[in-house]
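The two complexes that follow have chain A in common; it is paired with chain B in the first and with chain C in the second.
What follows is the complex of A and B.
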């Protein structure tokens, strides 16, 4: 396996990890399988496209073609995607959490509502912008580095570094802040959290905004490799969900490891001459199903040596 | 004696099952109540109903004169964090621990008031004084601790913030006699500002120490006796 393949695998893994961690945290702390995560992804991508499109002339006029201009462009793209993702989280909170969270069978109701939101958002994007894909400005620039004889594209390196950066921030927040402590308590035992004065209503909003922002970040980073389209969120949603399952729903380290495993598996299968790209999805799902048959609690179950 | 808790006509249950049948109970300031009764006769449900954790409930509960009861057919646990913040400390049955948090982080979770959070270090130190076996385990994951240590962590979490009413459900459940005695001794030694209800099957652990003993049978209170010594 050469270096280019490893970079490609990590590139896939970082997008998958951003989606899977969000879905995993949401499930265990809010109790929602968020089917609208794909819509958040697509909407954030379109918002970044609109904002960068609107700001392009302004930035070009004021800053010209300097390094500062491309930095401003990158900030506008990532910032707008993050903020839109967080706002999508607020919408999901208002529609799929607040009205129904203490009703019986809440997880199923929330699944149906978020699925509805997903379909509505995708159709709304199709209605407004049409089915054509839109290219976003390349914030990492065009070009490649030569490292030990292999070429690494800027967008791949930028995606990996950006994803690692934002995941470190997220995990640090979960680990060291007081709100993060409350979220972790809620993830591990909802009843114990209630007896510690931690309410689901109060933790759900920041968690939904955070996971929405993660999906927005995934959209901003993936937009550097492929185009943004109304249905762009479908594959990241499916991959994110299945990887969250592979990691053992609710386990953040499990989701991370799962994303890296699937990233390498996909890159590896794609590179095998007699298999090739068309067997990538097949191999991925075969792998996930096999793991879940052998270890129903996923990778998180292997890592977890504590007991309830 | 001022009335701290006033329960009247409290019924509660789960789905079609009615566990508590129109309970009336008044608890005064500074009282330590021993709630005794067999398995499945409603001790835990009474404690859960006081924090709106039962499946459904109806009837009045007054804490310091403020109504916190009411009729509710669903939404178990929705009001619980608010009631905890109003001054009901709970050490639930089965401990409800956070397996992936260290003992210290776990105790910090219990410091939900502003004052408690500000002086959490001193308070954690105080908990370690009450339960010395926890001190060397400060950074251990709670999910790896033994049953007795978990019980101490769960009670410690309850003690991190001041409460008006402490509810402790089966502190001796599943523990070796020696450890359960130690846990009970620690509970009796606590300086109680409000009131405390300890639900317990093992009557001998309560005799001589509880101010009042209340029996529960088939979802009703039976027998309300003052200071007793069965020994």
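What follows is the complex of A and C.
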């Protein structure tokens, strides 16, 4: 396995990790399997496309073709994707959490509502923008680095670094802030957290906004490699869900390990000559199913009894 | 003689009753081969008229019959495009009924239903096209494929639970799609098998007689699915599973009384998978082709939306949901993407507001109405003290109602009498000659119930120190102290008690 393959694997792993961590945190703290994560992904991609399209002439007029201009462009792209993702989180909070969180059968109903939101959002995008995919501006520019004889594309390196940065920030926030402490308490034991005065309603909103922003970040980073289309969210959603499962729903380290494993597996299978790119999905799902049959609670998942 | 007419007053819902002659013998048909009756009749007798009456307790079979017969007789008069919509509705309804069996009865949250349909459709179609098996045998190959695939799928369901299994099966569906698309033999047609032989003759295909034949086939398919539902859900397997349905404690209980609920769940899953195999073979024959579209997530979500809108876990919910969604999706096809948005919005709305889908809305509304009526009644009784009409039907001792009404009117009168002059008069002379109004008020107070009646307590013998207490009203329970004020004059204490009672009267 050469260095280029490792970089490609890390690239995949960082996108998957962004999606999987969001789904995992959301499930363990709020109790929602967020099927609208893919919609959040697609909507933030489109928002970033609209914002950068609108700002492009402004930036070009005021800053010209300087490094500052591309930095401003990158800021606009990432910022708009993050903000839209967080706003999508607010919508999910208002529809799938607030009205039903104390009603019977809440997890299944939340799942259904987010599923409905996903369908509505994807069809809405299809209706407004058409099925054509849109290219976003390349914030990392075109070009390659030469490292030890292999070429690394700027967008790959940027994606890996950006994902690691944003994940470190998220995990740091969870670890060191007051709100993060509350979220972690809810992840461990929602009932106990409620008894010690942690409001479920007040904590769910920042969690949903955060996970939405993570999906937005994933959209901004992935749009450097592929185009944005209304159905762009489906594959990241399925991948994120299955990796969150593989890691054991609710376990952040498990999700990270799962993402790295799947990233390397996909890169590896894609590189094997007689299997090729066509069997990547196949191999991933087979791998995940095998792991789940051996360890039904995933890699980092706790046993049922310990969680209860 | 004119019959006395009774007005339907009260809280019992009015229902239609047969009035058989008193001396007529009771005759009820049974389903051949079983001990079940066709309809659930109950013989009752009317308390008031003392006449014999017959009530249909479960009216669902009636609604099913009416709906299915209407569907069968209206469809031949519809235009061609609508006939195919109705046929598709029948196929979807059949799939949904079997899926409901898996999710509702067996409690296995599987999302691989369409994958089972697709796999068996592909295997049956391949047998027909590549091996030359005639079409009636497809209806045997399909369920066999479904049975085997279902057994493979069911294996991990005992180890994984709930959402884990759901997502796993979603992955299986995706694998099936990718596998079929990657097959080299099918790349020319984009993964589809075409030119499948069918029960519809080739020159009738997409013609009116062919469409009608297709509809009849789809209708029979739906009836078959309902039969499977009935046989599994209402017979032994379903009864066993109902014990272990809702919670983990129920599962432990079922295990303790010797019900192997895991095996029963697997049985239900495998039986439904075999039945889904029949649907798959039919599907391939109906369209004369089968494409990877059947494994797609969108299709799966559309079917799931049907069940959710109708109500998860109910056969009638599966059928009604299928009707609503198919009409929107296939009937309003010129609307474009907004129709799917409409389906999604209906799905969200139903889930936010209804506990168990549209078919559960009636019960939910009844619960809601009863709760509101109870709240209102509680509020009114608290305020007025008089019994409300709907409460009055439930109070057995009617004397109590009249006393309450009298008491209420008396209190209303006495409240008007209480004036500052009256209070001043009592303060001046708590024991002596009173005016007419004060005497009436004091008489009312004397009649008060023992519970919470105020009394004066001399704190130490031979010392002028008093405080006010309230008796508990129960034998052996000591009185409680009302407040910590102390009075050095007995007249002051008398007046304080009077003020407390006046206060209570005005507040009541």
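Rule of thumb we're sticking to: the second predicted complex is superposed on the first by the 300 of 308 C-alpha atoms of A that agree within 3 Å, B and C clash if a C-alpha of one lies under 4 Å from a C-alpha of the other, contacts with A are read in each partner's own complex, and residues count from 1 in each chain.
What we mean here is this: a residue touches a chain if its C-beta (ideal position, glycine included) is under 8 Å from a C-beta of that chain, and two chains touch if they have at least 3 such contacts.
Just so it is clear, the model here is predicted, and its values are computed rather than measured.
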Simultaneous placement of chain C and chain B on chain A, clash or fit: fit
Chain B versus chain C as contact partner of A:91, first or second or both or neither: neither
Partner chain in contact with A:120 - chain B first, chain C second, else both or neither: second
Which of chain B and chain C A:190 touches, first, second, both or neither: first
Chain A: partner with more touched residues, chain B or chain C: C
Partner chain in contact with A:241 - chain B first, chain C second, else both or neither: second
Contacts of A:292 with chain B and chain C, given as first, second, both or neither: second
Chain B versus chain C as contact partner of A:102, first or second or both or neither: first
Which superposed partner A:55 touches (first chain B, second chain C, both, neither): neither
Least C-alpha distance (whole Å) that remains between chain C and chain B when both complexes are overlaid: 10
Interface residues of chain A shared between complexes with chain B and chain C: 103-104, 304
Touching residues on chain B, where the partner in the complex is chain A: 51, 53, 74-78, 80-82, 84-85, 90, 92, 95-101, 105, 108-110, 112-113, 117, 141-144, 154, 157-158, 161
Of all residues in chain A, those that touch chain C in their complex: 33, 95, 99-100, 103-105, 107-109, 111-113, 115-117, 119-120, 123-124, 126-127, 234, 238, 241-242, 245, 249, 278-279, 281-282, 285-286, 288-289, 292-293, 296-298, 304
Chain B-touching residues of chain A, taken from the complex the two chains share: 102-104, 178, 181-182, 184-185, 188-200, 202, 304-308
Residues of chain C touching chain A in the complex: 156, 159-161, 163-164, 167-168, 170-172, 174-175, 178-179, 182, 297-298, 301, 304-305, 308, 312, 336-338, 340-341, 343-345, 347-348, 351-352, 355
